[in-house]
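Structures given as structure tokens follow.
In the two complexes that follow, chain A is the common piece, with chain B as its partner first and chain C second.
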Partner chain A sequence: MIRIILRQLSIFASSLLGIIFIFFLLTQLIPGDPVVLNYGNLTPGSFEYERAAESLGVNQSFFDQFYLYLKRVLSGDFGYSLITNRSVLDEFLTFFPATLELSIFASLIALILGVSLGVFAAVRKGTWLDNLVMSSSLVGYSMPIFWWGMLLILFFSLDLGWAPVAGRISYVYDIEPVTGFMLIDSLYAYPKYEFAAFYNALSHLVLPAFVLATVPLAAIARMTRSSMIEVLNADYILTAKAKGVSDTKIIWVHGLRNALIPMVTIIGLQSSVLLTGAILTETIFAWPGIGKWMVEAIFRRDFPTIQGGVLLIAFFVVLINASVDFLYAVINPRMRRPK
Partner chain B sequence: MSLLHIENLTIEFPTHKGYVRVVDKVSLRMKSGEVLGVVGESGSGKSMLALAVMGLLAPNAKLTADFLSLNHQDLMKLTKEQRRSFIAQNASIIFQKPENSLNPCFSVGDQLRESLKLNGVQRYREQQKKAIELLSDVGISDPETRLSQYPHQLSGGMNQRIMIAMAIASKPKLLIADEPTTALDVTIQAQIIELLLQLNTDNDMGLMLITHDFALLSESTQRVCVMYSGQIMENANSQNILKSPRHPYSKALLESIPHIGERHHMGERLFSLKGTIPAIDHLPVGCRLGPRCPRAAKECVKTPRLEAVKNHGLVRCHFPLPEAQEKEA
Partner chain C sequence: MSLKTIMQTYCNSIYRIIITSALVVLTGSCSYDDVEKKAKSSTLVYCSEGSPDSFDPHTVTFGTAFDASARQIYNRLVEFAPGTVELTPSLAERWTINSTGTQYTFFLRKDVQFQSNELFTPTRNLNADDVLFSFARQSDPEHSYHRVGKRDFSYFNFQGLHSLIKDVVKINSHTVQFKLTRPYSPFLSVLAMEFTSIMSAEYAEFLASVDKKTLINQKPIGTGPFRLVRYQADAYIRYARHNNYWKGAESIENLVFAITPDPSLRFARVTAGECDVMSNPLPIHLQALREQSHLKILSQRGLNIAYWSFNTRKPPLDNPLVRQALNHAVNRQAILDAVYYGSAELAVNPIPPDMWSYDKSIEKYEYNPQLARNLLYRAGYPQGFSIDIWAFPEQRSYNPDATKTAELIQQDLRQIGVNAKIITYEVGAFLQKVKAGEHQTAIQGWIADNGDPDNFFASLLSCDATIPGQNSAFWCNEEFDAIIKDAQKISDQQHRAKLYQRAQEIFKEQAPWLTIAHTKQNLIVNERVHNLLLSPSGGIFFSGVMLENTEQVEQSND
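Here is the complex of A and B:
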């Protein structure tokens, strides 16, 4: 187990280093004065300009500049927003919980529904139910989510009035940000609003989470199905049947346990799809997360925010993938204690 | 009454050309504690027969039989659920590739304990104790350590022993071994067959040994059933078949076994039948062996029936071979 952890950590560290290097190259490629790009409109020759130039090392060699960049990034200095003048890391941490909350909820929907639908289709392989699940998942997989999101708003929010159109919670409620997760924070406000705030936050979350979950859900359902069909044809399933194990247990224990192994990696890859989708979803639903934050930074040409934000998102994706690889090793006995 | 009684069992699979018969009206009986060998080349339907007895055929397979009983219970009269649990309690099966027939995600102990639990051993302590006993019964050294290991950490022979341990956990009346040694080394093959025969005598457990290798059966079985293209070609006492096969196909199978130090000369080719087993949806008219049979004659375009041959057993041939004269060794 320790070997696996060390292995994953070293892979994680080298991926981070690689990402930082690529980002450094990109910042070198941006046309214009690097000092102005990073610190805003400073007058060349002024004291502030010189100090900024020195901290970036613009007059030093390529490798010295990379060393300085690495040192800044690793010490948590991702620059300062040109608009708000706040540290990019601070801003990221303010917006990130909203995205995380949305993504976790969406992943749960995608995983639970996707795996169940996939298993359902695999068990009924070749029937019209299987065809129905598979063709609708193909539609879901190819769905442009900005259009899908608006369609759902039109139907569920405007026509039926079941869910709010946008935001994380109604302005009626004054919620103190404790954890940054609205569902949890609204429970902290229990003495004030009882469960009303929680239900309100939940009703705001359901629609965007479902929209965000659509593509991963379809992908997971299709993968589960094919993985499951393969596993259910294996000899050890026959062995289990011959032993007299019940069908339910064969499918959900003997089958799914094996089918999950190849899926874990692909589910991990879906996390980057999820974050890309979050940018679109947050824009549609006015969800104050990093997606919306990044889009606004792009419109305002806030370069330090864009650079720092994208780098932080990349870190996060690498982190998820490293954890998924670790999980893969944990659930696959064949990765443990090689013979 | 017999342990296993099959009358006219037919298995068909749907294809786009209609139903295809992979097993055609097979009838056989096993007495309790008997060792029956089922021999035939790949595609002869012997594995399908085994799966049918165990109730493990794919759901799209169509099974029909005039009579099918296991351990005095008519299986056709039970509901699907009843049949499944009855078969699980009375019969077990082991497959060709032991590393594929054990679940890679669960430890040996998990899988053995599951079998024991299904047979009414509820308490963990007891399951653990029984599992260790079972592993020692099948000749596995250091059973305590093996319990926590996974199939991929063990050798093929070891895995097959674990499969056997799992199979006998329910104290079955019938054990079907579907080519149990094909994927194993020759020395291990002998050990596994020996283990199966020992379990057969110790526990009075019927053993159906399915193989394509006549050599494996030679001494061990009481009766042999030779299958070809889904039909039984010859069904007789094993001593009779081995000494004097009456069906040309049985004879060909026996002659294709290489013997060290006898009959073979340098450069002589090992005997084999010409051609291959016919595709099951493209069977020849009449006798299914017809096109490959060295003794085929005009009448072989008519389907032969499985008929009794005096002092021998059942043979499906218009021209059964004469009884071989006793050769001096």
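Here is the complex of A and C:
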């Protein structure tokens, strides 16, 4: 166990180092004065300019500069926004809970629906139901989600009026950000609004979470199906059947559990799909998360925010993948044995 | 158990979960309808177009930021009456101007209280120190709040107040005197502009004492109708009414700016009732609106102009006959239809009709290609000539699509034998090159900074304005220029209006521009909102606005 943890940690650390190095290279490639790019319009020669230049080490060698960059990043200094003058890390932490809340819900939807549909299709392999699930998941997988999101807004919000159009909660509720998770914060406002704010926040979550879940859902359904079909044809399933194990137990215990092992990696990989999707989803639904934050920063040419934000997102994706790999090792007995 | 039954029970349980949770949510949300209704009845939600970069009205430059700060949180010494550009007393209850027009003495109200926030509670009412602070901060580079926020005081500099204001003197605790270096009659209008908002000197002192000076940009304290409660960038700005507002507390308790940069999403939100007011609708939204009975359009002619200027330093445009010919050659109605989709009106004079001194008696140049050809013949260009048209590359409210306007002009010019070439650059380069006079003709526009006609005539058409090149026609007419200079020295409005009317006659005769359009500004507003007025200078003020069911609900709850 300790060996697995150490191995994962070393992979994690080296990926981080690699990412930081690539980012450093990229920032070196941006044309223009690095001081102005990182600290805004300072006048060359001024005290502030010289101090900024010194902290960036612009006159030093490539490796010294990388060392300074690494030191800054590892101490949590991702620069300061040119627009708001706030630390990029602070801004990231303000917006991140919104994205996390949306992504967790989207993952839940994608997992529950995706695995169910996959098992369903695998068990009914070759029937029209299987074909229906497979073709609709192909449509879902290839759908441009900004278009899909707008379509859903048009139908569910504007035509039927069932769901809110955008945002995290109706603005009539005055919710103080405590945790940054709207569902939790809205419960803090219980004395003022009882459960009204909570339900309102929940209703705001449904459409964007579903839109964000669409692509991973389709991917998970397809993967579950093929993995399940493979497992159901395996010899040990046949043995189990011959021994008279009930169908329920075969599907849920012997079948799904084994089918899910390769799925863990797939689901882990979907986390980066989720974060990419979040940029589009958040823009469509005016959801104030890191996706929207990044898009706004790009429009405003806020280079420190773009650099710091992308780096932080990359860290997060690496972290998720490392934990998924770890989980994979834990649940798959074959990985535990040394070669 | 067969496979089929397993699948059925599995599906059933999933369905059951989905249906029950849907029911819980539905019934839950239904039973809290009253809570929501009550919250809604006291909250106005405005779908705004962007995030403010700061809440400091002295340093910001964009309308969005003025909407979020100066127009809700702060007051000025004098202000424009709602929906007009008429000056009314505000923090100064009255003022006197000396006979030479160089000394303005303001008498401040004594009952003006500042707002408070979680850090600060004011101990005194507004007095002369606050006025002194608000101006000294902008004019004095040594002032301890001058460098806070590392930003320029763009408007203060642009309006030339550095050289205009000699001194601001405190006569007594509630009397302030502005000493000017020269008589300048638009001064009162300048003081009604948002960048002269009055801040609390006491709050500034307090922030300095706790070493948090930059909070003056982020946690503003003003005297205005609403105080800032919370701001989350790119999400929302929340205000609450200022209960001690000197004009009396507002009827709206909460005001929220829902920041929604995408116009289609803004429209969807206002349609679904998530916002009460939507900023900057597109023409297509106004057309779609006729089906939505609970929404109305609020339209206001803006103090702006789009124009096609002729560089009078370059032949053949130095000849007034040629410029008149070009004026007759263009079918402006076609431009209004195709570029502005009817949300603008044809401009006759260089100032918009809502501005005082507008001369109604001046007739527009009719679209008449035959007459244009005759004029060209008389000017000595029977064969026509070639010119370039520089088109502003970005969308502006007064110029939704300058390139398209240029193309329409190009087609019209072909009919009178003038061959035009359209030129465009990226904004920075465009403005620089036009200021340097590299163009022959250029399509540009202007929005009023304040309600004074001087802001159009002197900024765009005076001889002085040819030096930085703001006067892109580089037109310097002696008589016109003398009139503009005279009008700056006189404080009697009727007398000034006469001078400006003469200026408009000269403008028409000399035709340094083709005046194209005055754009209307629009808001889409839910019918439950009353008393909302658009300001002609483009801003939105929520003071005095009422929500229809406010009183009803309050009564039923009592």
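Note that the second predicted complex is superposed on the first by the 338 of 339 C-alpha atoms of A that agree within 3 Å, B and C clash if a C-alpha of one lies under 4 Å from a C-alpha of the other, contacts with A are read in each partner's own complex, and residues count from 1 in each chain.
Assume contacts are C-beta pairs under 8 Å (C-beta built on N, C-alpha and C of every residue); 3 or more make two chains touch, one makes a residue touch a chain.
These numbers were taken from a predicted model, which means no experiment stands behind them.
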Fit or clash - chain C, chain B, common chain A
fit
Looking at the overlay, what does A:F120 touch: chain B (first), chain C (second), both, or neither?
second
Per the contact definition in the header, classify A:L238: touching chain B only (first), chain C only (second), both, or neither.
first
Between chain B and chain C, whom does A:D159 touch in the aligned arrangement: first, second, both, or neither?
neither
In the overlay, work out which of chain B or chain C sits against more residues of chain A.
C
Distance of closest approach, chain C and chain B, by C-alpha atoms in Å
6
For chain A, what residues appear in both contact lists, the one with chain B and the one with chain C?
none
Residues of chain A defined as touching chain C within the complex:
40, 83-85, 91, 94, 112, 116, 120, 123-124, 153, 157-158, 161, 164-168, 170-174, 176-177, 193-196, 199-200, 202-203, 246-248, 251, 283-284, 286, 288, 292-293, 296
So in the complex, which bits of chain B are touching chain A?
51, 54-56, 84-85, 87-89, 92-93, 95, 97, 100-107, 114-115, 118, 150, 152-153, 163, 166, 170
Contacts from chain A onto chain B in the complex sit at residues 234-236, 238-245, 254, 257-258, 261, 331-334, 336-337, 339
Sort out for me which residues of chain C touch chain A in the complex.
1-3, 6-7, 10-11, 14, 25, 28-29, 32, 35-36, 39-40, 43, 45, 51, 53, 149-150, 214, 229-230, 232-236, 238, 254, 256, 258-262, 265, 268-269, 271-272, 274-275
